[in-house]
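Data block below; observations after.
As written, the chains take the letters A, B, C, D, E and F, and residue 1 is the first residue of each chain.
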């Protein structure tokens, strides 16, 4: 089974770091195929960078999606998720969406801990957009960005552990998600110090991607995620233009 | 990996039927261990039967849960789900909860099609209880109960197909779940006639159970699903009494 | 008028304590008939105990419900409420449900103060299940359980008074409910120290039960609370089995 | 016990008609004291008339409220309810609010059937304002206004019965409220033809008023319904001016 | 363009103060026509005063509305807004409604800062009534009433600035509204000390009134805001009676 | 006053058509500066096209935004709205957001009528994202896309008129918005046949843009829309890269 691991951050080293954790989490028969965004911010930490990343994710998929059995959108916040799901013939799993839904089945309230304060409202809006506000205890952000934490994880372990502990105690979280591709692999290092289940977003998303692929569902033939009518475009990569102008036609 | 497949309906043949589909859906290394409720309705189709089944599910778990790596509560509507999750040291996956969350990641709106009109409001309330009302297109029920359909599936294929088609067209469902242990294995037979992904609830729940188990999370040590303080009981099975009176103590 | 006072906690002394307060609150022509759960926890303080109590409440009703004009489910949290309402030919009043609705007519926001921290999320979920989340200021729990407080009420008066005062000041509660059968009779002792109306849950529920009975409404003949179709059962008390297998048939 | 029955419609005959039903529904020791608005529409059927009625209800209370143990605001839609509750030293029961909360304890979803199409959105907004939207199946209006129906009830029985039956069947109502002082006494005439409990709004409100009075609660000393700071006024009736300028002072 | 500036507070000096700011904010071709309530509280700070003001606003409009192109209801909290909108042939802009909607387009979450603690819950309820709860960060009230602040604005600048700063920092407001006619003109004095946009409610409402008028929309001919059927009244001013009894007839 | 009129559809003729209507609606002193997206779909009618348009809108702004006093994002559905608002030093008005908020002040419930069925769920999600779900009566779509309608408006007048009439009658809309840049100028042609106010989205957005500009608000210095920390990018236009990498730095 071929899993396209799309990182719309334009940092190939983050992609590799995430893909390593994904490979370790995946079943032996799952092939993790990493792919990195070609344009946009090195590390997505603002609304503008996320908006650009929505386009970049589509572009990556158009270039490298052929042959994939499932797509994992590996930026926590899932820029372009619904658009990718519309255009892809195979299931698309958003790393944040997958983590939040899986967390919802492990307790009544989950919290997200992530790096970079600007992600706070962005993720609250994201959780609302996927319909899970009622299950969200809180989003708690720490000062260093996910990119900075990925570059020097040791320095961040304590502040992350404390944020996790606080959201359990003060917000009543039954489960905590460490959100951000830069956090891949860190949950297992601090899980022992957090009194509730701590979710590694890459690990959770790989599980959900394998689950979705195992259902062997057909592409919808009607509704909001069915193939789109061709429309003329301008200024896009040849591959993305091809997808939108016809390849993906009803 | 050992998956306890708890059917709180007191019909062992339904358990077997569901377990067969579960085995087919599971990875080779997953052992499906079926277990059937010892008291209550043969087929759960009312609020009273569901309330009794909540107790029956706990009782089954107390008797047969030892050694399980994950528990699958295999009655769509998930009677006793949060109680079981509280008392179990390993993850508990509700068949309806798992199906609804997985469906939510395959589109924006999912519908449930099931047998027996009384399940309509009960499932709407269930979806609200797990925080997913915003993602629910509709619950559509057909007249024969899940038990009757399980006994004679051929007769029901057309009416189910039509209910699925209607909820796509009129309610805007992007995904449909066939809900009920009695429907195990039926989705693949009619999926071709339904224009959006059609979820088999047993298959979906097995995938989610394997995903939850793969996370290797520790039992919460604080909060609403942590081990409970022992309390004296009366009139329960010895095994359930033991769990509540002490074995499960902090 | 005959009011069946069902305590699904399996402590007959709590039943008596509650029934005494109920008798004092009731009109002269109301007969309070106490009944105690036959199986389950001595004092319900966990999700598992509450799930079992849902069954126990049905069992009590099946054994002792004949001749009642109204049923009062006297455990704050109302385990089995909707199931009992489905199966009973006469109105069923849940102690928490009644208190919350009555409180909602005395201000805009009500709070619940109760004993035992695990009741916090359970009661928030209950309030959501009865559709009153928008009217809830907060649930505040104190450390001793309702059972412990009932055993030694003097020791708890101060901590309860303080919790009430805090929820008025910090959560903006216009009304406060002291929730738990173990608190029966305590509200009048501390009401003078709480700056907003303080509701005694047994007193409120008796008033609502008398109000419901006075409406002389017929059992619904259609919908989610109409009589159920008979279904075979196993392992239940003879009386409960009779109710579910036929006596309660359409 | 003295119950001030405030009809903010300026039709004394409607007041009498409602008070007659109230007397029949009340306990023997409850004295029903009718009072009619002094200014505004004969029959309230618009937003403008309802806004004026909020003032008129305060004015009636200021003139005739002295000595009351409880106030019943007997116009379905409850104009001025929260203001009256603020200013009154004794509990204030709104006829619509009381009916909706009592109905909520008799099933999961209630509907309102009333006369005059303009009440449709007004009552949906009212139900939202009291926090009960989640429990509302539907508001169904028939063409003749409540005033017209009160003048010739025979002519309306069939159309009301049909509206009740429709909201049960199509909207899934477990309970129906006949809303409007003009409908007082009509529910018992058609209840036999409606397959779920049918609530007479005057009867329900009297029960809730007696329940509220029986709690013997003190006026709040803090918060949104505590006595207000005196403020100078102009152009009001002497009695209302007195209440607002000082009598009601902290 | 003629803008009727309706102040339902019965303080003509407040009307003048507000109208001065309105004139400064308006386009040259906009004529601001001030009008003051004839009965009710000098300064509205309670539910009772607001209920009376709903009637007073209608009365002012009936007397002075002829010839207006748009109506601005200039009391933050907008008493009688929907009723006025029903009865007026031209658009009606509520000062709070306009400010909240305009603020919603300048960020994701807005806060309201106002004078007088009793306005806290009243404004939360108002924001819910106009459907904007999801966009509200918080309502923060300071002790002096709007009337007191208008009388001595210098004394209040610091406490208001601090309340604004707090709601930005603690409640996550992207925008803040200074609410109350008594605050007209104050936002520009402290805006420099508040790190997010600070809205002057009179200025915002004038902009929204000019926008509404510019759309040149016809009065609705159907639905909840179309002209009402005449109904007999009693005890109203001749002009308001005329509006309700016939002039405004379909 | 300089208004940047950003059309992220890549059809310059649509931009011109919209800008003509904008000029007619604007005050004399408002200069409308049209700008068209450089890449993406000719006409946005899918999730993928909208995701790309979010990037395109940022790109247009980076190239042509200098000197603007306000930005109007003139694609109904507002792709990239929050990102543009984050990055722009002046107010950004979304055409759909502005229309929905203005419509909310003209009644209680608004509907959107637009072209292309795929916009149905996309706009429901958009309305939820801006917090206005409670005010939405319905989104009604007609078969021809906005692009097709713009190319041949005569052919569409009847079908649009009928969709408007239906949403008034069946969905209870108090106001209707014709949504889509392709509909600019059409509302006035059919308004006479629609019994409630009909909003032209370009006209409404111009009014709201002028209102926002008139407030002369400073760029937020804190929170989710304050200037962002510079971050390295790749593959963007020089102007957009400059904005994100530093020009827009705190």
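In this section, a contact is a pair of C-beta atoms (placed from the backbone, for glycine too) under 8 Å apart; a residue touches a chain by one contact, two chains touch by 3 or more.
Note that the structure is a prediction, hence the values are computed from the model and not measured.
In this assembly, D is the chain whose CA centroid lies farthest from the centroid of chain A. Averaging Cα atoms per chain gives one point for each, and the point farthest from that of chain C is the centre of F. Taking the mean of the C-alpha atoms as each chain's centre, chain C and chain D sit 27 Å apart. Separating the CA-averaged centres of chain A and chain E is a span of 44 Å.
The distance from the centre of chain B to the centre of chain E, each centre being the mean of the chain's C-alpha atoms, comes to 52 Å. The set of chain A residues that touch two or more partner chains comprises 82, 85, 108, 120-121, 125, 134, 172, 224. Taken as a contact graph, with one node per protein chain and an edge wherever two chains touch, the assembly fits none of the named shapes, being neither a line, a ring, a star nor a complete graph.
Chain pairs that touch one another, listed by label: A-B, A-C, A-E, A-F, B-C, B-D, B-F, C-D, C-E, D-E, D-F, E-F. The part of chain B that touches chain C in the complex is made up of residues 10, 38-43, 45-52, 54-58, 80, 82-87, 118, 120-122, 125, 128-129, 223-224, 228-229, 231-236, 240, 243-244.
Those residues of chain F lying in contact with chain D across their complex are 108-109, 172. Chain C meets chain D in the complex at residues 25, 27, 82, 85, 91, 93-94, 97-98, 101-102, 104-108, 130-135, 168-169, 172-174, 191-192, 195-200, 203-204, 207-208, 210-212, 214-215, 217-218, 220-226. On chain C, the positions that touch chain A within their shared complex are 120-121, 125, 128.
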